[in-house]
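Consider the two complexes below, in which chain A is the common component and chain B and chain C are the respective partners.
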Partner chain A sequence: MLDRLKKRLKQVKQYPSVIFGITLITILIITAIVAVIVIPYEEAVLLWRGGAVWAESPRNARPTYVDWFTSEDLPRTEIIDGRDHPDKKTMESMNGVKEFEFVLPLDYQYDGFPREFNLFFEAEYEETRPHVSVKIRTPDGREFATDDFSVQRDSIRRLGQLTELRRQVDGRAPRIGIFMDPDYEDPVPLKGEYEIVVSGYLFEEDADINVRAVSYGQVHGFGGTDHRRRDLGVALLWGTPVALMFGVLAAVGANISTFIISAVGVWYRGLVDAAIQRISEVNMIIPNLPLLILVGMFYSRSLWVMLGVIIVKGVFSPAIKTYRAMFLQVRESPFIEAAESYGTSDKRIIFFYMLPKIIPTLIPQFVTVIPTYVFLEASLAVLGLGDPVLPTWGKLLNDALGEGALYMGHFYWVLQPAFLLILTGLGFAMTGFALDRVLNPRLRRQ
Partner chain B sequence: MATTNNNLLLQTNDLKTWFEIKKWGFLHVGHVRAVDGINITLDRGESVSLVGESGCGKSSLAKTIMGIHQPTEGELIFEGNNIAAQDEESMRQYKSEIGFVQQDPYGALPPFMSIQRILEEPMIVNGIKDKNKRLKRIHEVMQELKMTPVEDFLKKYPHMLSGGQQQRIVIARSLVLNPKLIMADEPVSMLDASVRVEILELIKKIQSERELAVIYITHDLSTVRYFSERIWVMYGGKIVEQSPVRDLLKEPAHPYTRALLEAISEPDADNIHSFKKVPPGEPPSLLNPPRGCRFHPRCEHKIEGLCDQEIPPDFEVGNERITACWLFKDEEEVGDVAI
Partner chain C sequence: MDQQFNVPDVEPQEPDIEEEDSGSDIKRIAKYFGFRLLALFITVVVAIYLLILVANMGGAVDDIRMGQIRENVGMQMMAMSDQMADWPAERRREYEESLVEQERRRLGLDQPFILRSVYYLRDAITLDLGRAEQMTSDAGSRRVQLIILERLPPTLILMMSYFLIMFFVALFGALFLSRRYGSKIDKLVVILAPSSAAPGWFYGIFLILIFSAVLGWLPFGGMVDAPPPRETHLYALSVLRHLILPVTALIMGGFFLTIYNWRTFFLIYSSEDYVEMAKAKGLSNRAIERRYILRPTLPPIITSFALSMIVMWMGSIILEQVFNWPGLGRMLYEAIGLFDVPVIVGGQVIYAYLLAATVFILDILYALLDPRVKMGFGSGGNK
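Our next item is the complex of A and B:
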């Protein structure tokens, strides 16, 4: 039987659609494996649910590939850490007070303004906070300086919030005022070497300070970022294993059990069959989505609970009727009669005689049904019933919906997960349809 | 009927297999009396034909004898044991004593199994765990059936074989467990005329070589003559006539048998001008069979007040000839239960 199946599967190669479909599935599977290896589960959850981890990512940045299609060179995120430039740090001690100065170089060659400009301070002190002032020197020698301020152990200074800077650049946002070329009326960024000079005093013997200057880009990562500076790439990447796992497990759990149950019903007939039929008929009129919404609202939104409900609900699915019709025919086959005549047990007849006869029709159906479960999971997430912890494609769509992404022009937020969902559907559907043609010879083309 | 017959393989006493008809799954409507009080005996190595028209209960009788259907009433005695009252394990043992050759060879072979697997299945089911032993048995049987080289066939699937070869595989499957009885349910009716004789010869040869008992079920009287010594004629769930084939063909006793014989077509050009006499009416419904003799509504020798009132007992009308017809009421009546 396996040999025959293998031979049939070899014919699959004749169908270009199946090669395309299998390629897509393979890519998705590889992506899923890579995602799980590169970003382990805990890290993925942290990256998705964290907060501080996103601080150095821009808000609502487009994906990096957008830069490939624009003539301008869109700014990336630049992080200049004081620790990376020990030679640019000077420290002088007098009377227990230490005077320090960082000169952080920023080679700015982009055609756009940074989305934000922030300074991150990490200070070590016992009681007295260090005093700091910041000066930004442009390539053409202009200088913009802030007032003195004191820094806590971990603190962020956002350039946009410093009013004294705003005053110096004619009321513009500092990220634009500082980086624009003064020769032009319209804001055009001035390219060249900028210097961020951070100087100040430490008032304790053991005190130390470090500073990081972050110029936020307009593009970030391969997936862009959302309104909370989250890297959408994490969700795109991690959504793949989640979607595939969900689809395959739901299809396996629901379809194969349905298949076996309908065979059992047909074989034993009578009460067993009647009971299975009535249960599946009752089950058929209970709608899936509202049931899942109820479970999500009142019990748990965990992906596993949802998967469990879908599988339990799917065991007595309407497909039982289709399979039953096929099995009724098989049951009357002479070879079943022959098997009975040499004393084959009921179990053996069901699993070795009835099931194998129908399996060829089941395989394509099984493959085609996988994406419907992937879509179902996404729909649940869009309705706000996604898993609270895991990053998934559906949750991206849900966030995008909530933040009016398309209205705001954040196309990538909606299109990327939608594209991946479509690819999944396409891959499985194309494979399934071609398999159907190979395994069910009546559909085969001449 | 001999009371002590060491050669006796199978005997039934008033065997009945009724199927219950229900309405809405629980309301009793009635019974289909597919097998309705059958008394037959079969010796070892004997070949008997079971003849009757479609729907007369031939296949139900066969399946009851094979243990697929549970008899509703009566005894089915195989080698001295009453099969109807046996547990599952000895039932399986009993089933392995009977080989089954079916009508449609393609349908009888699971299309998803290789020939080797098909032939191994009965042995796996019956607990022969040693694979080499199974293969050895398969080789023996295949050689006996002249299907050589054996290896060429074993890897194939049923659809790759011709109809005749498929039927040989069906026969091989029925033989791998070394049965004592072969139930051949119209084994050649779906084969080409050219292969029919070949398959019949084969069954005949195996029967004589292995001293197998064969029950040959057919509605084609022309092959009966060729094949078996005795004949059972079945009508409406009952055996109406049991007789050696030769005697029956020469001088049929029961009116139904007569009608059956008259319906045989002989390849004779003169037949074009003659019409065949066919008994009027239709075969009886087994759900609601006629009172008295099942054949009386169609019988031209009907005795009013007797045939339509009382079921005819078996009358002995000659040497080893029994018929259930009131026309022979002067002959000696066969005892109800003769052991």
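Our next item is the complex of A and C:
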């Protein structure tokens, strides 16, 4: 039996689709392992919770690879930290007041405007807040200056919110007004060395200050970012282990139990068989997805609970009918009769005589249904019932659809998780189909 | 009641020669359907009761509803705070408790759950689905029945269009392919069959992306234009336009796999001996196809279609969400968002009935097509 299986599996190699499918699956598994190693579970959850972690990444930025396909050089996120340029920081002390100045260089060589421009201040002081003013010097020598303002320990100044800057650039958004070439009517960015001069006073002996200037890009990370500045790459990466685990566990849990139960039913016949049949009929009438929605709303949206419900619901799935019909044939075979006549136990007959006979059908079936469950997880997430903490592909889709990504033109947001879902689906489906053709000769008969 | 889930290729049917007079035929068919209907009904009752149990397991829902009642009463008290300004605290609390009690009684929460579950079941079965707690129909009614009735037609329009188009396209597609077994187009379908791993709503996203976002040919979602056109024919046209994408999405979700499977059925039956015999007799290809291949293949095809239909009812819930289709799926989702238990149970009941109706209609078709049922071998199909 096993030898035959091995021989058949060798045959599988002749099918190009199997090679393709298995390659896809292998890549996905490697990605999943890498994801779990690079971003441990707790970190993934924390990152996906969002908030201050992502303060320095842009909102709704496209993935970096978009830049490879456009003729223009799309702006990336530039972070100029005062700490990295100690030579550009001057500090003079007089009468207990310290005057400081940062001259942060920004070499801007992009064909687009920054999405945002923010300054992050970190100040150390006891009571009196430092006073700061900002001047931006363009490559052609123009200067834009803000009013004086005081900064708290950790504070952000958004260029777009400084009305005095807006006045200096004819009412345009400062990120455009400052970075545009004055010789052109239409906004075209002026390339070259910009200088961000942050100067001001510290009023205490021990006070200190640092500033970071962030020019937010139009492209960011390998996955882009969402409306909450989160890097989609995290979810794309972490979605892989979640999807694989969910799909495989659900398929194993639901299919193998179904398989065994239908064998038991066929073997014992009578009441057991009838009971199994009736249960599976009732089960069929209970709508699957609404049940999951119920559980998700009333009890828990955790992925594990959903997985449990799917497996329990899948035990008496309609597939029982299919397996049953196959087992009915097996049951009539002479070798079962022989086993019975020399007194083999019921358990032994079911597990060692009947089940192995149909395993060739089970393997492809099992591989083919994995994508169904992967998509089921995505379906739940699209309905807003995704796992509350884990980043998954489905949740990306849900966020994207909820934020009108298609309407707003943020296609990458939808396409990336969709692409990965398709890859997973194709990988398993192609392998399953090819296995089916090899292991189930009835289809090869033609 | 089992034979509709027979695996198609286990045993090709033997033509039955036993003659019966037609009067007892009708009786037998009626009896068969009677039994079928009864069995389905019991199945539905059990399924709905299980759903009610799940919906209120552990009393979590009761707690939530009590919380909602208290909140509402609290709001009511706040609104009345002027009139109660000179009431002593004791009296105020008493009044609040009496309001809560009144509301509790109105919603029937004072009875034990077992009792309530039986009431729920009785009402659910008779489709007396009670009053919604939060949701209203567009006409403003709180009756769950009316809310569902309002949402049922869009879902039926969507699914019936899909079922009809899918069935005939796939049937003729499969027949066409089985004639051209091994041709390029046949191989293409085999290659594309794994595309059905993705559900319809998933393709829906792409369709919206291409035809609505990029090309702008078809609407993003909804069922009619806003505002809806006044003339009937324009209204119908608008609905048709909105139907194109969701139905296409549903079809894409299962098209190639279905065609592939059905083509395999055709191939299996066309290699039977009696087909060879018919060929030897010199019958035309069309006659062979109609009489000897299509006829015995239809029962397994209908079986496979039944299973896919049951899956599709579920798939339509998300599809309605993606396409903003104002049907039952969206209603169910909105109801769950509002913790409106009567509407949720109502939605489940309707879905259970729809599934049962699907099974029953296919049973009738099956009986018409499968001579074993007519001849009285139906009840024990695969025992």
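The rule we apply is simple: the second predicted complex is superposed on the first by the 444 of 446 C-alpha atoms of A that agree within 3 Å, B and C clash if a C-alpha of one lies under 4 Å from a C-alpha of the other, contacts with A are read in each partner's own complex, and residues count from 1 in each chain.
Everything below uses one rule, namely that a contact is a pair of C-beta atoms (placed from the backbone, for glycine too) under 8 Å apart; a residue touches a chain by one contact, two chains touch by 3 or more.
Keep in mind that what you see is a predicted model, and the values were worked out from it rather than measured.
Taken together in the superposed arrangement on chain A, chain B and chain C fit without clashing. Between chain B and chain C, more residues of chain A are touched by C. In the superposition on chain A, contact is made by A:S333 with chain B only, not with chain C. Once the two complexes are overlaid on the shared chain, A:V45 sits clear of chain B and of chain C alike. Using the contact criterion defined above for the overlaid structures, shared-chain residue A:S345 touches chain B, although it does not reach chain C. Looking at the shared chain after the overlay, A:I19 reaches neither chain B nor chain C.
In the superposition on chain A, A:K357 makes contact with chain B only, while chain C stays out of contact range.
Of the two partner chains, chain C is the only one touched by A:F375; chain B is not.
Smallest inter-chain Cα distance, chain B versus chain C, after superposition on the shared chain: 10 Å. Once the two complexes are overlaid on chain A, none of the chain A residues touched by chain B in the first is touched by chain C in the second.
Per the touch definition, chain A reaches chain B in the complex via residues 1, 3-4, 274, 333-335, 337-345, 348, 352-353, 356-357, 359. Across the complex, chain A is touched by residues 1-2, 5-7, 9-10, 39, 43-44, 46-47, 50-51, 54-55, 57-58, 60-61, 64, 181, 190-191, 193-199, 201-202, 205-206, 208-209, 212-213, 220, 264, 267-268, 271, 307, 310, 313-315, 317-318, 321-322, 332-333, 336-337, 339, 344, 347-348, 351-352, 355-356, 359, 382 of chain C.
The part of chain B that touches chain A in the complex is made up of residues 25, 63, 66-68, 91-93, 95-96, 98, 100, 102-104, 107-114, 117, 121-122, 125-126, 157, 170, 173, 177, 183. On the chain A side of its complex with chain C, the touching residues are 17, 277-278, 281-291, 293-295, 297-299, 318, 321-322, 324-326, 328-329, 368, 371-372, 375, 378-379, 382-384, 397, 401, 406-407, 409, 411, 414-415, 418, 421-422, 425-426, 428-430, 432-433, 442-443, 445-446.
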